[in-house]
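Read through the structures below before going on.
Here come two complexes built around subunit A, the first alongside subunit B, the second alongside subunit C.
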Partner chain A sequence: MHHGPVDPLFNLAIPGTNYHLPIYNFVITSWVIMFILAFTAWLATKNMKRLPQGIQNVWEYIVEGLFGFFGGMMGEDRARKYGPFLATCFLYILLSNYSGLIPGAAMIKGFVPPTSNVSITGALAILVFLSIFYFGIRAKGFGFFKHFFQPMAFLFILNLIEELVRPVSLSLRLYGNVYGEETIIGELGKMVPLLVPLPMMVLGVLLGAIQAFVFTLLASTYIAGATEEHH
Partner chain B sequence: MGDILKSLGFEFPKFLWQIVNFLFLLFILKKIAYKPILTMLDERKKSIEDAISNAESAKNDAEKMRKEYESRLAEAKQEAQEIIAKATKLGEEVKKDIVTNAQAEATKAIQRAQEEIGREKDQAIAALRDEVATLAIMAAGKVLGKTISVEDHKKLVDEFVTEVGDLKC
Partner chain C sequence: MKGDKDQGYRGVGLIMSAGVTMAASVLFGYLAGSWLDKHLGTSPWLTLIMFLLGTAAGLKSLYDLAFPKKGGD
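So, the complex of A and B:
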C-alpha cells in the first residue's frame, strides 16, 4: 500500500546491547524539520535586539501571532502556560505538511513527510490527549475529573468515549489529508510531471496550513476546556 | 482495533520515535524560541509603556511650567502697570507742586514789583513836590522882586503842599 523508500532506512546498533535502533525515513525528515526550526530560532534569539531585524522579526511575528491567537481563546495567562506545546504542534505539523509539497517527497531515501504516516499523527494526537490530562490535573487537581460526571454521573461512559475519540479523530484527520494529498501529487507527477500537479500543489499549500491550523485549534480548545476555572 | 491500526500502517516504534522527537523539539523551542522571544516582547511592551507614560508626564510638566510662566508673566505685567501708574501719579504730583510753587513765586514777584513801583512813585512824587516848590518860589520871587530866605521859602512850600496834599493829586 505504501510505496516509497524502504523502512527502516537502517538499524543503528546500540553499543553493549543486542538491540538495534531502527532509523526510519521519516525520522530523518523529522530531524531536518526540527533542525530548521531550532536553527532559525537560535539565529533569531542568540543576539536579540530591541529593534528586531531579519530572522528575529520572523520568529517574533510567529510567536506573537500564535500566542496572541491562543491568548484570544484561553486568556493570556493560560496561553503562556500551554502556548509552547500548541505552538510547537502547529510549527512542526506545518513544516511537515509542507515538506510533502517538495518534489521527491516519499520517494527519496530519508525524505518522507512525517504527517503522512498514521503512526506519527497518532503520536501527536496521543500527546495532545495526554496533555489534556496533564494540564487539566496540574491546573485543577483531581477536580479535573469532575467534568467526566457532568452534567450527570451516568453520562460518565459517554464523556469518556468523547475524550477517547478526540485523539483518534485528530490523528486520522491529519494523516488522511496529508497522505491523500501527497499521494495525488505523487501520482499526478508520475503521469504528467510538468504543470499538471501545479494546481494540486497550490491547493496543498492551502491544505497544509489549514490542517496544521485545525489540529492546533482543536488541541487548544481541548486544553482550554480542561483547564477552565469555573465549574 | 489492532488490525485497523495495522492496515492503516501504524507501527509502534515509529510512534515512539515521534513522541521522543516531538518532546525534544518542544524542549528546545521552549528554551531558545518561546522564552526569549516572549521575554523580549514583554520587555519591549514595558519599555514602550514606560516611554508613553514618560512622554505623558513630560507633557504634563511642560504644561504646568507653561501655566506657571503665564501666571508669572501676568504678574509681571500687572506689576509693571502698577509701577507706571505710580510713576505717573508721582510725576503728576511733582508737576502740580512745581506749578503751585511757580505760581506762588510769580505772585510774590508781582507783589514785590508793585511794592517797588509804589515806593518809586512815592519817591517821585516827593521829588516832584520839592522841585515844584522850588520853581514856584523862584517864580514868586521874580514876581515880588525880592527873594525870600530859603527857610521861609521852605516853610511856605510845606504849608502849601500840606494843604494841596490833602486834596489828593
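So, the complex of A and C:
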C-alpha cells in the first residue's frame, strides 16, 4: 500500500524468474538505520572494557535504561529474556521516526521515514505477533493456548479477535501517526519553507519518541501477558 | 521513585493507545465479516455479527489493557 506517486528507486531482478523486487527509498533508509544500529553496536562491543569509554558508555547507558524500563514492566528476569527483541524494536522505530526530521528531509520527494509506510510497520507488528506465540509457547508449552479460554470458555471468539487485532492496531497506530506528522511537515514546508514547520518538527521529536515508546510498551505488555505464570 | 515514573509513562502509553485499539477492533470485525460474507454468500449476516463481535472484542481488549491479569508486574 503506497500513498502518493512514489516510484521505486530501482528494481532488483530475482535470479531465475521474471519477477523484479522494487526497492523504494524508505527501504534504503531502513537499511541505513539497520546498518547504523548494527555497526555502532559492533563498535561498542568490539573490545569491551571494565570501565566503559566512548561509544561503549553510550550503548551501556541506552541498554541499561531500556532494560530497567522493561524490568518494571515484566520483572527483571523476563526483561533479560525478552528485552533484546523489544529494545531492538524501540531503537529501530525511534531512529526511523527521527530520520524524517533531518532538516529538509520532508522536501525531498520520496525521502520518508520507513515507519510512515504501512508495509514496514505491518512487518514490525507481524514480528511482534509471531513473537507473542513463540515466547508464549516456549515459556508455557501448550498451556499457552489456555489463555484463549480464560476467564470463560465462551469468550474464546472474543479472545481470538483480540489477538488478531493486535498486529492491525499496532501497525496502524505507528503508521498513522508518523505518516500524518510527515505529511503536515511536508505540506507546511511547501507553503512556507521558513520557520513555519518548526513547531510541527518540535512536536515530531516528541511524537517520534512517544510512538516508539507506545509500540514497545504494548509489545512488552502482550509478551508479558503471554509468558506470565499463573499461580 | 523510578518505579513511579515508569508507572506514569505506562499509563500515558496505554491511554494513548486506547483509541486506535478500539477503532482497529471494529474495523477488523467489519472487514472480516464482509470478506466472509462475500465468500460464503451469507450477506449481510456475518458482517453484522462480526461487526458486533469486533466491537465487543475492542471493549474487552480495552478492559484487558486497563486491568492486566496480574497487576502489571
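One rule holds for everything that comes next: the second predicted complex is superposed on the first by the 212 of 231 C-alpha atoms of A that agree within 3 Å, B and C clash if a C-alpha of one lies under 4 Å from a C-alpha of the other, contacts with A are read in each partner's own complex, and residues count from 1 in each chain.
As a convention for this text, a contact is a pair of C-beta atoms (placed from the backbone, for glycine too) under 8 Å apart; a residue touches a chain by one contact, two chains touch by 3 or more.
As the structure is a prediction and not an experimental result, all values here were calculated from the model.
Put the two structures on top of each other at subunit A: do subunit B and subunit C fit, or clash?
After superposition on subunit A, which the two structures share, subunit B sits beside subunit C with no clash.
If we overlay the two complexes on their shared chain A, which of subunit B and subunit C does A:G83 touch? Say first, second, both or neither.
So A:G83 only meets subunit B here.
On the chain A superposition, what angle, as a multiple of 10 degrees, is formed at subunit A by the C-alpha centres of subunit B and subunit C?
Value: 110 degrees, nearest 10.
For A:F69, using the defined touch cut-off, is the partner it touches subunit B, subunit C, both, or neither? Pick first, second, both or neither.
A:F69 sits against subunit C, while subunit B stays out of touch.
After superposition on the shared chain, which partner residues are touched by A:V58: those of subunit B (first), subunit C (second), both, or neither?
neither
Does subunit B (first) or subunit C (second) touch A:L124, or do both, or does neither?
A:L124: touches subunit B, not subunit C.
Determine, under the contact definition given at the top, whether A:I137 touches first (subunit B), second (subunit C), both, or neither.
It touches nothing on subunit B or subunit C.
Is A:T221 touching the first partner subunit B, the second partner subunit C, both, or neither of them?
The second partner, subunit C, only.
Touch check for A:I157: first (subunit B), second (subunit C), both, or neither?
Only subunit C is touched by A:I157; subunit B is not.
Tell me which partner touches more residues of subunit A in the superposed arrangement, subunit B or subunit C.
When the residues of subunit A touched by each partner are counted, B comes out ahead.
For the combined overlay, can you note the least CA distance between subunit B and subunit C, rounded to whole Å?
5
Would you pull the subunit B residues touching subunit A in the complex into a rising list?
5, 8-19, 21-26, 28-30, 32-34, 36-38, 40-41, 43-44, 47
Over in the complex, which subunit A residues touch subunit B? Could you list them?
1-2, 22, 24, 26-27, 30-31, 34, 37-38, 41-42, 44-45, 48, 50, 59-60, 63-64, 67, 80, 83-85, 87-88, 91-92, 114, 117-120, 122-124, 126-127, 175
Could you list, by residue number, the parts of subunit C that touch subunit A in their complex?
Interface residues on subunit C, with respect to subunit A: 2-3, 6-7, 9-10, 13-14, 16-17, 20-21, 23-25, 27-29, 32, 53-54, 56-58, 60-61, 64-65, 68-70, 72-73.
Which positions of subunit A touch subunit C when the two form their complex?
Those residues of subunit A that touch subunit C are 68-69, 72-75, 155, 157-159, 161-162, 164-166, 168-169, 172-173, 176, 210, 213-214, 217-218, 221, 224-225, 228.
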